[in-house]
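Before anything else, here's the structure in question.
Residue numbering begins at 1 within each chain, and the chains themselves are lettered A, B, C and D in the order written.
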Amino acid sequence: MSQANLMTGDPYDAIARLGTAPLWRYYGNLFAAEPKSRAVPYRWSYAALRPYLLHFADVLSLEEAERRVLMLVNPGLTEPPATTTNLYAGIQVILPGETAQAHRHTAGAFRFIIEGNGAYTTVNGERVHMRPGDLLLTPGWHWHDHAHEGDGPMLWLDGLDYPLVNALEVGFFELYSERTQKADVPDDISSRQFIHGRLTPAWDPKPSANSPIGNYPWEETSRAFDAIADDASGSDADGVVLEYTNPWTGGPVMPTIGCRIARLRPGFRGVSRRQTPSTIYHVVRGEGVTIVDGQRLEWGEKDVFAVPGWAAYEHRNASLSDDAILFSYSDTPAVTALGLYREEYVR
Amino acid sequence: MSQANLMTGDPYDAIARLGTAPLWRYYGNLFAAEPKSRAVPYRWSYAALRPYLLHFADVLSLEEAERRVLMLVNPGLTEPPATTTNLYAGIQVILPGETAQAHRHTAGAFRFIIEGNGAYTTVNGERVHMRPGDLLLTPGWHWHDHAHEGDGPMLWLDGLDYPLVNALEVGFFELYSERTQKADVPDDISSRQFIHGRLTPAWDPKPSANSPIGNYPWEETSRAFDAIADDASGSDADGVVLEYTNPWTGGPVMPTIGCRIARLRPGFRGVSRRQTPSTIYHVVRGEGVTIVDGQRLEWGEKDVFAVPGWAAYEHRNASLSDDAILFSYSDTPAVTALGLYREEYVR
Amino acid sequence: MSQANLMTGDPYDAIARLGTAPLWRYYGNLFAAEPKSRAVPYRWSYAALRPYLLHFADVLSLEEAERRVLMLVNPGLTEPPATTTNLYAGIQVILPGETAQAHRHTAGAFRFIIEGNGAYTTVNGERVHMRPGDLLLTPGWHWHDHAHEGDGPMLWLDGLDYPLVNALEVGFFELYSERTQKADVPDDISSRQFIHGRLTPAWDPKPSANSPIGNYPWEETSRAFDAIADDASGSDADGVVLEYTNPWTGGPVMPTIGCRIARLRPGFRGVSRRQTPSTIYHVVRGEGVTIVDGQRLEWGEKDVFAVPGWAAYEHRNASLSDDAILFSYSDTPAVTALGLYREEYVR
Amino acid sequence: MSQANLMTGDPYDAIARLGTAPLWRYYGNLFAAEPKSRAVPYRWSYAALRPYLLHFADVLSLEEAERRVLMLVNPGLTEPPATTTNLYAGIQVILPGETAQAHRHTAGAFRFIIEGNGAYTTVNGERVHMRPGDLLLTPGWHWHDHAHEGDGPMLWLDGLDYPLVNALEVGFFELYSERTQKADVPDDISSRQFIHGRLTPAWDPKPSANSPIGNYPWEETSRAFDAIADDASGSDADGVVLEYTNPWTGGPVMPTIGCRIARLRPGFRGVSRRQTPSTIYHVVRGEGVTIVDGQRLEWGEKDVFAVPGWAAYEHRNASLSDDAILFSYSDTPAVTALGLYREEYVR
């Protein structure tokens, strides 16, 4: 083809027909000076949502729902729904006598227990019991189903990385052949075998990038804060913040999701900082405000709030007498593994 | 709030106003049985595109364009434009006497040289010269500009991970204070210091997840194939396939992008397999066909084609007398680091 | 030199004068079919040694002794004295009101507390208090001194890798400028900050191949065994055996020494196995026998015994009603890091 | 036993009978201020040794000798014989038509070829051919035998870590069932598959702490120096020094031995430094002097010299017109893996 022939039509039309587009008409859109997440800072009120959760527990069976969960949808991330760019949060409710169908998926998941007693999840054949404040892991491709044998409704926060897994288009899903798994190891064995501060079973080691621990119970978390007492200054932005770790590696509990628990002392006012990963917080106790890119998110007990990636955040404990305790999770492990972590203080 | 009050409106409306959505109405969409990429199998014809590249070289100055590139846009990924889910390919042209503005970005990049002689890119102060078949790296946040001091147009394939970086919302971009950088180290020094099969400079080591090598020259790639000769069976799917590596780690050249070069012997017919990462191929030499999820992509010299993630692919060298040489890059390092790699043979 | 000239003397004399020796006259000595340690299986009786420890505490001041320790010298390793090839064990005694001079050395060390209360060691400015059953670490090149502010004598097991460090000829030693260090951080802070089952301080991380934990207290060890209860089969050779780990890595507490604690259930009879590293045991509780290369080592509470490398060992708990608890340490981390670990069952 | 009874004999005798010794009588010997190797600085003259090597080749068959090697015995390390604390060097000779019995041992080994042509070693079934300047690896527990099908004697430097392996008492040895192995893969395939400056076979990966490369040929080493030319300043102590690396890890070729090749430019005078590992040098080309703890080791082509651990060394190229090329190996990987590496400049 000569250049003369080529000129007989609009070359922009021609290259479009050949499956291409001119980079020079896209440049600014593709390469922004800094990240601006589509997600917005947002807080979900537990007090407002709880009645609806109980309502749906009344009117919708688990056979119909498979999982009875209100997804916490970021107003900037509705299609598909997500809580921050890479992460999802939902609140799940299950009633006494109910079971939730066993399945597995590529997405990694955890539950942080909000209220209730007597339920358990079965993960790859191990029953893991739930109490408020417990962190239960369901790493990717682990079979899991839930059952409730106690009294009263059981509610928990679900965290998953499915927005990341789906964005990468690498997700698989499979239903179990029966409704629930049989328990074929002692109850809560994984948590009990790794209960101590740093003693690891030395027989039959099975190192993995996923933590083997089914439950990081609140009782232990509470002991950790008690042991540190007021003898640690902690982070100027995040307070006395502890990372739940994978005992095989010392690193995060899953390769895509990191989980933390922070104590903000009475009157704590954090400095303002930002980082490329996004973070979702759940208020275990206390009340305060987090200022995110200038927007005030006021939070109380059991609320959930989202801090998008590269948004400046600043935590404040509103009480001068009581601690605030914030559970949080982020995609820091994923972002760091790809060499894409960056942080800075904001003045 | 009592449940009675709650019932006065539609509870689905109410929970929507509270920033939530019912998971049970989304389940199948969020958790598919297996990945189905929005990207489609596609081949871009170099012969068809080359005249347009030269046309735009005539009519569009580099001062206007910053970079003069035709983006290879996958028909399934037009908004924003990408070549596969996480990766981008483009063909860039630069004329004698031109320079392209220095900048840096979070996205990692490389160039694989298609034709021309006498151009170089300057990366963090080092001039790296280009010859056909060379692989030049520009890892994330490295300053880079281009200049051409030879005769005739210079064309190359650009590969970047900006679709991934942008999906994760972690990208930064910065213009250099001048149009081009000064060369402040000897030309091509990084490639020369690591030229040999396995000898690494032992003074001033600077291990990094990014390869320190500016250029993996074709001359060395060619020697590698000659040394192996016909003494390796290679992979039944990918032929005699070699990974470009980071000498500090033995791993991929960048934490997000892996680069390979494969020799398909005369008459090679690969078995069919699929893997969660996606791959973009560039035909260095030869002609053949790759069957992707049942669709035939016929390719000849200098063409580019895309194999989406989890699409079954099967390579065939159409010649019974000549080798086909395929350069390729994929997001395998990123997918693997997140524990999300999976592959299988397809019968 | 011509071969004729060369023949005028005995060539064996000549090559000796040139600093060489004929390999063919040494072969069998240098390359044995399998390892045969110079160390022998041996047990040290705590009941027999204790009176002498108290005697020397009476007659020898710490100013004279710097450290008042009986070295447990393997009969096969007297010059220089060592307990196994790479490891040393000693029993140290300190009286109320005494202090032991601050120093540091390349050799890594720990103390496992046998009896007494009220003493502490100061490690790099942190006072670490001792109670029976506690494991206190003093990794290489950490300043440390001891002080006793309680009642009655304090006795503990010292473990060091100085035989390895000295064999490698890489050891340094330095006295502190004063007799004892000032405490400049809160007492026991390192142990308290890492107390919990898997929660790691996320501010100011300082990953290292040495554990940051000053004390792994018996109280936590005891909780670990209680949590596991009888729900773990454990190792057929070592019982329910737990590895003390470095929270930054999930690996051993020091790069040269690994520490473990094992519960042998009532009536436990281990299978016989051997491994290239050597191991030193301390009986925390119970009585039994360990058969080492056919030799019976009978042990009771607080005794110490040594299993040389590649010696077959077989543990038996003599009681049908009570547990035996064995603390142990070995050079497994060093041997493994060098690719020299091997093990096998012995029938 | 009461303290009164205890006093009836000499308590020092009593504790000796109980298998112990008083630490306070050993302290200074066990904890020296800094390392002082038993090894001494030493140089072995190739010109002086060569006639004896040929003599023994005449009078001693390989059937008798298994290996015909003059061990380079450090005057400070005669029992058992070693060249430095952890390493051994020997010079081996083999004549045309000879074969050396196949065996394997825990100790890792390499050969650096000094003179001759036409011999090969067979390592785990692969024939690896030798030319002067080549580095051939025989990692621990790899079967190996040698054969010579050329003309004239073949001489090489053998390097092993058996002093370390034997000090750790972890060494195994086994004779092959036949005199030599059959070649069951293409000749020199491992070296050819990894020939290039950073291209790794991507089919059937077998990562290991031992390099998979049978031969790092001189031809490639020479190209590496040519590529760098005079464009690298190199190390002020070691010149333009390159590390032979394991392509799977980017690290040293074996977990216990690191190999390097250095070019000292005409007139090079290095600064004086010392490090805890010890190093053995072989002069590939040139002449000069290395001052080791004040002692002058004058060296010429093909000589070997030893620098003990923590001895200050300073290299000088005696020529103002020609390069000196020094091959060297050290126990740096082992010392570093154990956290025991230290270095300093000496003024």
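Note that in this section contacts are C-beta pairs under 8 Å (C-beta built on N, C-alpha and C of every residue); 3 or more make two chains touch, one makes a residue touch a chain.
Everything numeric in this text was worked out from a predicted model, so none of it was measured.
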Task: Both-way neighbours, i.e. chains that touch chain C and touch chain A - done: none
Task: Rounded Å distance, chain A centre to chain D centre (Cα mean) - done: 52
TODO: Just give me the whole-number Å value for how far the CA centre of chain C lies from that of chain D.
DONE: 31
- [ ] For chain B and chain D, let me know how many angstrom lie between their CA-based centres, rounded off.
- [x] 42
Open item on the list: I need the residues of chain C touching at least two other chains; which ones are they?
Closed with: none
TODO: Identify every two-chain combination in which the chains touch.
DONE: A-B, A-C, B-D, C-D
TODO: Under the touch definition given earlier, write down the residues of chain D that touch chain B in their complex.
DONE: 186, 189, 191-204, 207, 211, 213, 216, 220-221, 223-224, 227-229, 231-235, 238, 240-251, 260-261
Task: Complex interface listing, chain D residues touching chain C - done: 1-3, 6-7, 11, 14-15, 18-24, 26-27, 29-38, 42, 44-45, 48-49, 51-52, 54-56, 58, 60, 64-75, 78, 80-81, 85-86, 90-91, 105-107, 140, 162, 164-174, 209-210, 254-256, 276, 278, 308-310, 331, 334-335, 337-340, 342
